[in-house]
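Structure record follows, encoded as structure tokens.
Chain lettering (A, B, C, D, E and F) follows the sequence in which the chains are written, and residue indices restart at 1 in each chain.
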């Protein structure tokens, strides 16, 4: 992780908005995210949380305003390998097993030091389901298989869209634990969620989407 | 933390698509069976007259193989878009064009190669003279990757739209026709004992150009298609 | 004259039997296919039976091992990456 | 009213019972098939005279016709078992239907190959698209469809039920194969054997043919018993009676 | 609380599928375009010789139309399975066979009917004599619903599996062949000025049987296929 | 709602289990559900909640044990139109609008007296999105469109698989309100959920899935 500009925040949005058919989807947003911070994106259904996260991930282009990554305007290659995105669609191939899916992800992103696929799968609570095709997993098990990427892949900024949905209580605690150790290690995360989620470490920064 | 090297990433992509194809090997076999069915139906529909069959054999095999490939083209990115894998690929820290090149290669290996393997069988079913078969295979070996590459660009362009089917067919038609003309020209020439190198050379030239440019065009098209 | 009579006749025309009146190239492959296919059909389930039993005894051994080990299902603790 | 059918089926249909029953009968069926087959081959290849028209090529008849007949007979058996499996959900019937399919496919394949080996010298071609040949090919595709569908499902019993359904739909093809020579005039031979009237072929040729037909029936029984026993072991892996067998065989 | 009447439910099903097809009208156009492309490619592949084209015209049009239908068949239930609509249909308090009959009808209307409409055009492109065209249309009008109905049963059977493509083709082949033989027989007879009623009658009889039985078989097959 | 046997519970399970590859997915279950009752199906990810609900809906066949509906063995037609099922997959056509989707549902199931499609959509919080194709809705809006069926269609027993997932707080309160008025009106419901969901009216009956 080479920071070009150590004082600048990791991610900074200035009057950011996204346009669909020339209409902004949400009111202009201003926020900063520093290393070690966790931001909770809040808003009602349809307020634009998913849209915001997809824009940060580089899937949608910035409509108006500005987005800066370590002080530089955000471009595709300047943050390559530093951002991990998990959307409503999990990005798992249903015909492959969790193990195979993770191997592909590691092939594309490179692996974290010392994180083996089997160990990660065991940690995420899929022991015994490593070699079952994903399509045969229950909804929560699929979600866990997708979340295992967080443990396996190296990244500075996590963009998680409703990571708690479909998880049981153990799973929710697990995600909270992951987020805590990620921010402790100097990473940052943006999370959208509706449920009554209690974080262990202090109060997260909140970004409210206004309609 | 270790960045994934380019070759690892390429290998991972290729392995992934080949594994997936193997898991659904029934679907790979689909174009093959389709092609076989077509060649079997022709004698029924036209009557089993040897000379007639022989006369049309080369053309029928070519058209059938290319159409069978068209069938499979539509599905090149669709499942990846549905389950979000394509998003993950776009977000991954690897040159998208190269990754898509791997996907196209895997697609060609899993759909076109089996078709080329059974092409001699199809030709024999329609009583094509054995001497022409090498030329037919050469024409197919050049025409099918061309189709895969150009098709991929068009599929990527139509990925974001809902009316993909028709658009795809419409845009591919002008691309198919020259390929068929050159390939069929070579086969016909060989069948009549004339030199057949010229059309084959044209195909090869087009292929070289496509190998370089198509993946780049494909990645640009996909980024546009996903951005909504 | 039946095939047997010609085979047993004084000159012992055994080769004639294998020549099948000039149709050897059709008759013998036909019989070969018949026997090969049926033998494969006979052998395949025997091999499969052996495999099934081997897998079964492996499964039984695993279950035995699991019963011997004490303990229920432990809840996975949050990892520390 | 017909309550005894399910009752009786349930009794013999209990897997351990059938496993023992099939185990006892299978060696006898194998032995009979071998002995009858040997006699038929002796009669057909050595005793029977050459045909005045076809020469010795006609000797393919002793495998072609029995195989052709079995290809249809086995399909019919599979259809019956499939029907029972679907209506009464009896596991044994599912297994019998599914394990008949590969045997039937084998005989169909033999019929096609021997037929074309016979056709080359007689008609001058390996293959024509005539009604009987085509319908026999369709029969092979049906068998392959049943086998493929069975294995395409992850849950084996669900696969068996789906494939049984397909088998029942496909049964219309069996009469088509049989009567195709009467319904459309074709290249293929009409009926030569007439069970009740005078057959058109001489006794010297007929008796080996009939013996071989009987031998293939016994072969079917033996093969089916072997396959069903294996399949039952695989399907009932969790049950006690299978564990006991597994332990016994492992001990040996 | 009002139970839905049977006719309301049928109308709702039919309207739904037609609306969906209209929303994705590009996809309906796909088989049509496919058929047109095939007929356009043939003269290229075989050389534009009138007598040869005329000789094969009837057969090519028939085979092309049936194959174009096959293409669309695979998708008959797949989107409904993916988004859970089929579950909702199975759970609904209406006779499933009837509802599926409506789906099949909608499928035929949206895929086969456009093909039948352009069949005369295709025939004309291949120089089929005008007098034969009515027979061709009649044969298509009988053969296409037959294929839709039987195909639906098989598609339903493979609905629960992963390797559907090849299986479907494998199982459909035996059904295609007789339909093609009879239809092509009628067209060929008409082209030679012989009576063509017998094969048409066979097709019609098969169709009547299929209309009655196929929806029932289809619903039974679907219940089996979804049960896992 | 004609009760054949007024004293019998609406739904009764005796030693119920489902077999995959001849192995039970969950331990045999015994429970009863009476009119006016709400049952919460609890269990970890992969414990078989979805499987149970699909079995009750008639999509999977009963493996072992018995399932009774108003005292009679549960069969396809005896409960036709009385059961409403909402699974992980929402059963909405992405190319149709919520209004069109609901019209189809009403065509198949018949409508509740006095429930108009527009009114139902407004109640569920989709005012303004009635004629947008479902594919353009956000995750929570899609969920709401599926839940609108509960308001529109007549049914005695609701089988809801994680109805709260993807909903915002207003949406969760809305579902709770729906459940309350449904049970007050003599209906019954089985709901699976992980989140910390608080029902208004009393403590629901709980069905625990043991592994």
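Everything that follows uses one rule, which is that a residue touches a chain if its C-beta (ideal position, glycine included) is under 8 Å from a C-beta of that chain, and two chains touch if they have at least 3 such contacts.
Please read all numbers here as calculations on a predicted model, not as lab measurements.
Q: Supply the minimal count of touching-chain steps required to go from chain C to chain E.
A: Each step joins two touching chains, and the minimum needed here is 2.
Q: So, comparing C-alpha centroids, which chain is the farthest one from chain A?
A: D
Q: By raw count of C-beta pairs in contact, what's the busiest chain pair here?
A: Ranked by contacting C-beta pairs, first place goes to B-E.
Q: Report, in whole Å, the distance between the mean C-alpha point of chain B and the mean C-alpha point of chain E.
A: 26
Q: What's the distance between the Cα centroids of chain B and chain D, rounded to whole Å?
A: Chain B and chain D have C-alpha centres separated by 41 Å.
Q: Express in whole angstrom the distance between the two chain centres, defined as the mean CA positions of chain C and chain F.
A: Measuring from centre to centre gives 51 Å for this pair.
Q: Taking the mean of the CA coordinates per chain, how far is chain A from chain D in Å?
A: 59
Q: Which positions in chain D touch two or more other chains at once?
A: 148, 152, 154-155, 237
Q: Quick check: what residues of chain B touch more than one other chain, meaning two or more?
A: Only 23-24, 26, 44, 82, 162 qualify.
Q: Note which residues of chain E are touching chain B in the complex, please.
A: Its residues touching chain B are 23-27, 29-30, 33-34, 37-38, 40-42, 44-47, 52, 55-56, 58-60, 62-63, 66-67, 70-71, 82, 162-170, 173, 176-177, 180-181, 184, 188.
Q: Would you pull the chain A residues touching chain B in the complex into a rising list?
A: 1, 20, 57-61, 80-85, 87-96, 100, 103-113, 133, 154
Q: Using the touch definition from the top, list the residues of chain E that touch chain D in their complex.
A: It is residues 153-154, 157-158, 160-164, 166-167, 170-171, 173-174, 177, 217, 220-221, 224-225, 227-228 of chain E that touch chain D.
Q: Quick check: in the complex, which residue numbers of chain D touch chain E?
A: Within the complex, chain D touches chain E at residues 134, 138, 141-142, 144-145, 148-149, 152-155, 158, 161-162, 165-166, 169-170, 173.
Q: Chain A touches which residues of chain F in the complex?
A: 43-46, 50, 88, 125, 129, 137-141, 143-144, 162, 165-172, 194-196
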